[in-house]
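What follows is a group of structures, each given as structure tokens.
The same chain A turns up in both complexes below, where it pairs with chain B and then with chain C.
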Partner chain A sequence: MNPSPLAPEILFHLGPVPVSRAVLTTWCLMAVLVVVPWAVFRRPRVVAGPVQGALEVLAETIAAQVREILGRDPWPFMPILATLFLFIVTANLTAALPGATAPTGHVETPAALALVVFFSVHWFGIRDRGLRAYLSRYLEPTPLLLPLNVLGEITRTFSLMIRLFGNMMSHEFVVAILLYLAGFFLPVPFMALGILIGIVQAYIFTVLAAVYIGAGLGAIET
Partner chain B sequence: MTVEMLSILGATIAVSFGAIMPAFAEGRAIAAAMEAIARQPEAAGTLTRTLFVGLAMIETMAIYCLVIALLLLYANPFIG
Partner chain C sequence: MQIDWWTLGLQALNFLVLAWLLTRFFYRPVRRVLAERQARAEAALREAEAREAAAEAERQRLEQARADFEAEKAEAWRAFQERLEAERQSTLAAAEEKAHRIIEKARKDAEAERRRIVGRARADIARLAVTLARRILSAEAPPEDPARLAEATLAALDALPEADRHAVSTALSRNGVVEVTTARPLDDAARDPWIRGLRGRFGPGIEVRFSHDPDILGGAILRLPDAEVRNTWSDFLAEAEDRLLSEAEHAE
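Showing the complex of A and B:
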């Protein structure tokens, strides 16, 4: 076990840039997430095979959920939201593979994801409503609340990061402590619980990102 | 009392109190969901989904306390 859960585990240096285990795992996940859909949808068939069918069902389900949250056509937002969901699910589930640790269990990856959400909220909001209308959102209901609105913008990004990081890291920690205290077989049900936690956290992250983007669009109230 | 001892005390207090209130809150949430499912079994799917999201949200509060405790133990700014 890593002595401190907050310090990154450096594997090797690429020139002056240190490459941690989380970054390496992320690269592998990115390769898998790019290559598998590319291989499947290079020649899509009308009568879908099992893999193509599963991917289509997945995409349709995510689109239906996003439509339910935003109350409008989900496809402009699918590139970011579905990618976030798929990446976080696969990243959380790598913890179930022997020898691999979840990159979301270290603080850098959730921080990067939360920053992506933070900027995409403004990007979609300004593109959809125009700069003036978007910024006037911060002056509602009264201009007196401007500092609180700005503060809320920062704290919700921060809590998005801490939520994902804390859940994944604490789970890893609990399994390690159980292994240390009780031997081989007691951690197994907890590791099964970890799969559930990983999927639920990915779902929550995506739902919250969708809610924030929807609030930026003015489609829904936060 | 050295800074180390105070940090350990702070960490245990943060985790214990941070576990009590979310535990109460989760109990209330689950009880309400059970009641709703008993009344309307056909809505069990939606209720379960919402329940899971709500539980994860509540659990986040406990996780915040855990993060504070780990910061105190591993990345304490007051210990050189």
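Showing the complex of A and C:
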């Protein structure tokens, strides 16, 4: 019996902990994502070089986007939202590397990210508004809508996960099927399209996360 | 579809660790660089504003200094003009005073000189008048006595140079006419000294003619061929007039 292509591929175990390919790929991405800015900003210069300038432009662009969504200082939210965007972009783009699979093509990674967003919304909301005020929003506009509001919290987190997972998984499947049926060169346009899809999905995931956090802060009506 | 919860938990942990690492090595350094850059820009802006303010203050100070300098220059120029005018007036007054003194002195000197010359001329004229009077009173003037007049006139003829007297004798030998002109007609007694004197000198053959001319006032004119001896009051007075006029012109 062939294993499910959706099942995580366990490469090795660290004690009782199984380490899947997605986790290993994530570690590699983490190494790249950390080493590059560490090397650049180890001795930051006020007059930036090209790499430092590019990283600054990237961070400032994300911050500006977050500021537009939240309407407030974006830097307290950058650790979650900017990291989401950078990680999802790099994770999605690993699908274009030969022999690599995108961690976001397996449900565990989108689910983990969606859970982080879910708890971040409550964390930022409670920290900003207080527990009572934050919880009171589930009773609005009427306490009768409390079950629906709670269900909405769950379903939007679930949709966040499924949207990313579905797109990346389906893209991998399409490329794999085309590779199987049409040979080597035909999937190339689809792989290029996959780059665009990966960036767009990262943007959508990040923007939705920002919107959810903004709703938790009371800055945005959802 | 099955979910590996270990993988899910590890990925969540991985994400949180990545967020922490990026916060430490990316977001904070970026914020620090941006803040430092902004601080430097603001500092540069403040410095530029301070320099602009200082430059504006310096410009205003220079403007004030220039205005003060202009006022001081105008005041100095006005004072200089006033001093110059005062000096000019003073110099002009001194020059006028000096010129006045010079002119006055020159006028006084000229007046003194004129007086001195006039005085000297008067003295000369007085002396000349005295001389003339003395001559009139002495034997130099033509005498009124006919005998003395003839004698004095013939003495003047004798005083001629020898060559002239010889020429007169030669001329009288060819044309023996001698004319004696007096102021008043002479009678025979008055004519006799003339006739005797002339014939005694030039021979008995000469003819002596007599005429009279009131214009000669007194004295006589002896007209010889190629010569004339004048011993008249008119000539004497004419000579005196010439000498007086000459003295007067010299005095002026």
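Throughout what follows, the second predicted complex is superposed on the first by the 219 of 222 C-alpha atoms of A that agree within 3 Å, B and C clash if a C-alpha of one lies under 4 Å from a C-alpha of the other, contacts with A are read in each partner's own complex, and residues count from 1 in each chain.
By our rule, contacts are C-beta pairs under 8 Å (C-beta built on N, C-alpha and C of every residue); 3 or more make two chains touch, one makes a residue touch a chain.
Small disclaimer: the values here were computed from a predicted structure and weren't measured.
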Counting only touches as set out at the top, which of chain B and chain C does A:37 meet: first, second, both, neither? second
So in the superposed three-chain picture, is A:144 touching just chain B, just chain C, both, or none of them (first/second/both/neither)? neither
When both partners are placed on the shared chain, which of chain B and chain C touches more of chain A: C
Looking at the overlay, what does A:75 touch: chain B (first), chain C (second), both, or neither? second
Between chain B and chain C, whom does A:181 touch in the aligned arrangement: first, second, both, or neither? neither
Overlap of chain C and chain B interfaces on chain A (superposed complexes): 4, 6-7
In the complex formed with chain B, which residues of chain A make contact? 4-7, 159, 162-163, 165-167, 169-170, 200-201, 203-204, 207
Hey, which residues of chain A end up touching chain C in the complex? 4, 6-8, 10, 17-20, 22-23, 26-27, 30, 33-34, 37-38, 41, 44-46, 48, 52, 55-56, 59-60, 75, 78-80, 82-84, 86-87, 103, 106-109, 111-113, 115-116
Quick one: which bits of chain C touch chain A in the complex? Just the residue numbers, please. 1-12, 14-23, 25-27, 29-34, 36-37, 40
Footprint of chain A on chain B - complex, ascending: 52-53, 56-57, 59-60, 63-64, 66-67, 70-71, 74-75
